[in-house]
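Both of the next two complexes hold subunit A, though its partner changes from subunit B to subunit C.
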Partner chain A sequence: MRSRKRSVFIHTAAAALLVWTIFPIVWVGIVSVTYHAEFAQSHISLLPSHPTLSNYIRMLGSPAAGLDGRELSPIGNGPLILDGIVNSVIVAVLTTVIGMLVAVPAAYALARVAMRFRSSSLLTIIATRSVPPISTAVPFFALYNALNLTGTRAGLVIVHLTIVVPLTVWVGYSFFLNLPPSLEQMARVDGCSRWSAFRRIVLPAARPGLMAMAVIAFLTSWDEFAFALIFTTGTPTQTFGPALSGMFFLVSLPNEVAAGLVLGLLPPMVLAIVFSRYIRRVNFVSV
Partner chain B sequence: MITGTKQVGVRIEAAVKSFGRGQRAVDSLDLDIRPGELLTVLGPSGSGKSTVLSLLAGLAEVDSGRIWFGDQDVTALPPEARKIGVVFQSAVLYPHLSLRESISFAPKLAGVPRDEINARIAEVAAFLQISHLLDRRPHEVSGGERQRAAIAKALVSRPTLLLMDEPFSALDAQLRRALRSQVVRLHREFGATTVFVTHDQEEALGMGDRVAVMRGGRLEQVAPPLELYRNPVNTWVANFVSLQPLNLLPVEYDAQAGEVKLCGETVRLAGPDRPLPATFTLGIRSENLRLRPSADGPLQVLTAEAVGEQVKYTVVAPDGTNVVALGGADQVFEPDAKVALAVDWPRAMVFDTETGARIVEGITV
Partner chain C sequence: MTTEAPPRALPRRESRKVAVSSSISPTKFGLMLVAPVAILLLATVVYPVLYSLYLSVQRVDPLTGAKSFAGLVNYSRALSDKATWWSLLITVYYTACVTLVSTGVALGSALILRERFRGRAVLVALIALPWSMSTYAAAVLWRYVYSPQYGLLAGLAERLGMDGVDFLSKSTVVPALAVVHAWQFAPLGAYFLLATLQSVPEDQYRLAKIDGMGVWLRFRHITMPYVRLPLAIFLVLVAGQAATAFDLIYFLTSGGPGNASRTLTFSVYETFFQNQEFGKGAAQSWILLILIIAVTSFYYFLIVTPRRSRGERKNT
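For the complex of A and B:
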């Protein structure tokens, strides 16, 4: 009886948490397919009587018909949101690829290779996570101005790597640590050199961990807002976050901003759904 | 024997291996393994037996000493250059590959033609009864099937030396027994020189052509199973290889009368030829000790436990010494019964009380 009560409580709490988390996103989705004219009449309507994609079409830089049939002009000067999404994807992909090239061998070496200062190295890496990334904005800003990296994708990728690499090294470290050392030993006995054992056996065997690392790297870069705002706002390399935040000032209609928000949610959402089985394996406590 | 298997002798000379803060896992080890032999290495945890295997595999390097495969010095050779097969304690198969791909990995890497690989896999898989599992992934088969696939993997590249590190320790007793006999038949069939590490006495004595007993990084004794069982070099080996409890009883010897006092009884000895010290330790396995009814018997039954068709008795001598003896189900003694000992004297072992070393072989009365 007690366990039944406990189960009911847990399920109710989980359902409440789910609604709490999902409802704002669902609401934004509904608002994004509602004409502003209709939205202005009733803010609390759950389903629009005239669903429309006009907010999306205008957000992507084309005119579209309003509720009364009149043509409404595109939002902003050019497809800012689309350009922002493209920039975000490029920066996130580059950060992920370069981050993985650095983090995977580092995590493997920390987990496997006997070395001095291993513990202090690990502590140093995790310590960088305790420093608010924005606290490094001033030195980066001064450096980037001197190196002409402000407003470049490369500049943002470099900053993102300082956040992503320590995070993914820790995730990778725990994955490699849990991989039985006998796998590499077996590969050596089978005729592989150390490098070949890493490439042919360890990497494929650690694929779930590597996928989780890559997804975390991508999402971290995608979600990063502060540096993107400082280094890309108003430049052709402006990413999705600053582009959307600019919309709040450029347009004041929530339906249009909601459409931009949904467009920006799509890539990470698709990624999270496709790779959810790998993300589930991440031990967030260790992260 | 399957064609293509080379038999090689292995020699370990004065090998030393330390880990951590100078703790010697293997200490001045000399060991000769004969070509085609199945040598079992027996020892408790921490005895260095798995380290010996790692040294032979090249997965660990000796601090000093040399290792020879035939007349080739392999001391400095990495594992990939040693042409060995290893079966680890936890069946190691690559999780991202099917059993067939895992098994064929090494010969493929060595450039063995595909047809040849397929023929070898078919042969080994048929022997180990895993032919129907070859296209499955490791997580899709049972622990025993995984271990058999791991053995197939070790054999398929025709290793000159097959190393097995407690391969059955994670399996249940019934499966372990089945696989044990399969490995012995497999060794006979494939003929590769094999080193089988185990902490299980029954496994070591049942499988090995010879058994090497290790303790604290040192080799205590190497001998064929029966010889090891009957003629252990010291009390530690005698005790460790005993399948049934070993009694180590303090004995006083009257050289003039040629008599020993054992658990309150006086026994006249006819042998051995060599003189015995005034006091020594008599080693008698419980299966070489019977109880006989005796109204005024000096010993008293404390407990009686059924062990299959036999009964294990613990009896107490007048001096307080506990003795364990095995008895048949035909004559059962109740607790508190008065009994006397019937010793199988030729099987009794005489050890030096101080050093524990074996002094003489067998005694006659």
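For the complex of A and C:
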């Protein structure tokens, strides 16, 4: 009797957690497949009677039929949203590649090389994470105006690296720390140099950790908004965040914004689901 | 340096490091690998922070951009400005709300996910979705939940015959924002805590039950001691995140209504990028930075100190 009550309670709680987690996402999905004509009625329709992909089709630049059969023109902000997604991908990929090249050797050294200044280096790198981005935005703004880096991809990649590198060093550090202790020693006995032991033995063994680092680097760059807003708004290199912001704050229809939002949610979500088993192993505790 | 002690003779932590001979010393090799990060961070974090310190003691002409030394004028202007103190208050209030809600949701989720039920694996994967999402995307998403015109909550209230509530009105805006923040950030904490909870031996609960301990006592005396450390780390991560939140506030309220959600971060943004008051903005950002440093020092004190006393010290 008691255990039955307990089971009912647990299932109810789990259902509540499910609802809390996915309802906002599902709702935006629903709004994005509703015609504006149906949506903008006196009451709020929770489920569309005529679900449609027309918002997406018009976002991608083609006209589509409306609810009453008349043709609706493509969404004006569509090209900006699509360019924004492309720019976000480019910036995030560049940030990931450069960030990995820099962060992986450092994380390895901090975790597994018996060097002096080890703890202090690690602490300094992690401490830079506590600098609020908004306080570095001011100087970067001045510097970028002087160097003509405002509105360039390189400029945005550099500021993203300042956020991504400390984070990935931290993540990578905990992964390298938990590799079997004798790994390099065996390699060294077999005649590998320090560098080739790292490259040929340690890196392949640390693959799950490297995957986690790369995914986190990509997501962090994709998710960054303040710098992207300050440095790329209104330029050809504008990323998805500012593009969405531009559309959101204009007088635009909720259904169309929803379609743009869903398009921009897809890349990070797919990535997070595909690589979730790596992400879940990230452990910030082992500092 | 050419001989190597048998690994077993070394303490566990020591043996994990490469200590065998090579043409270069381990410190040199290590520093070589760390150097790119050091250079990058020196250029991109240390320089801007110092430049912002410099800017905070300058008077900047907004038209010509000419600078002259102003001493602490910007600080005294920022500190005598009631708006700065209001923003500080809102920042603390917001941080407290986010911490409370996030911790509650994270701990609650972890306790649920530890149990056995159908679809558990799917739910564990699904809660990663809000976390993977950009904060600004989460903000826009929740616009569709809160909006009195087209929001999910308003729609549900309508179905139930109730009057809609504007959650982003003056009196409720900060907790409402905190809920969104928690929705996005709590899954990370849930994963943290779940990993720890799964390491608690089931027998302890069984024995406690036999001894007649209730749910609350079992939570306090068995669960709590295990999750204390990960919970502390999560608390500090959340606090740091909340104190510097920008995207969420920008999209959902832009500091409003009025100045009801104008946190210090948002205030810095406005002072600098909208009012172009460079000196004052830099001074404000330093006040924020000092606040964050205080929190972070507490963090090191909490996390690093016990480790060091366990013998890490000798490595440095």
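Following the convention adopted for this analysis, the second predicted complex is superposed on the first by the 257 of 287 C-alpha atoms of A that agree within 3 Å, B and C clash if a C-alpha of one lies under 4 Å from a C-alpha of the other, contacts with A are read in each partner's own complex, and residues count from 1 in each chain.
What we mean here is this: contacts are C-beta pairs under 8 Å (C-beta built on N, C-alpha and C of every residue); 3 or more make two chains touch, one makes a residue touch a chain.
Computed from a predicted structure; not experimentally measured.
Of the two partner chains placed by the overlay, neither subunit B nor subunit C lies in contact with A:P63. Within the superposed three-chain model, A:P236 lies out of touch with both subunit B and subunit C [touch as defined at top]. When the shared chain is aligned, subunit C comes close enough to touch A:V131, but subunit B does not.
Of the two partner chains placed by superposition, A:P51 touches none, neither subunit B nor subunit C. Contact with both subunit B and subunit C is seen for A:S182 once the two complexes are overlaid on the shared chain.
In the superposition on chain A, A:P204 contacts subunit B only, with no contact to subunit C.
Contacts of A:D190 after superposition: subunit B is touched, whereas subunit C is not reached. Looking at the shared chain after the overlay, A:A109 reaches subunit C, while subunit B stays out of its contact range. Touched residues of subunit A were counted for both subunit B and subunit C, and C has more of them. The intersection of subunit A residues touching subunit B with those touching subunit C, taken from the two complexes, comprises 182, 185, 188, 193.
Those residues of subunit A lying in contact with subunit B across their complex are 180, 182-183, 185-193, 201, 204-205, 207. The part of subunit B that touches subunit A in the complex is made up of residues 57-59, 78-80, 82, 84-86, 88-90, 92, 94-97, 105-106, 109-110, 157. Interface of subunit C with subunit A (complex): residues 4, 7, 12, 14-20, 22-24, 26-27, 29-34, 36-38, 40-41, 44-45, 47-49, 51-52, 55, 105, 108-109, 112-113, 115, 117-120, 123-138, 140-145, 147, 150-152, 154-156, 158-159, 183, 187, 191-192, 195, 229-230, 233, 237, 240, 243-244, 246-247, 250-251, 265, 268-269, 272-273, 278, 281-282, 285-286, 288-289, 292-293, 295-296, 300, 303-304, 307-308, 312, 315-316. Those residues of subunit A that touch subunit C in the shared complex are 7, 10-11, 13-14, 17-18, 20-25, 27-28, 31, 39, 43-46, 101-103, 105-106, 108-121, 123-125, 127-128, 130-143, 158-159, 161-162, 165-166, 169, 177, 179, 181-182, 184-185, 188, 193-195, 197, 219, 222-223, 225-226, 229-230, 241, 244-245, 248, 254, 257-258, 261, 264-265, 268-269, 271-273, 276, 279-280, 283-285, 287.
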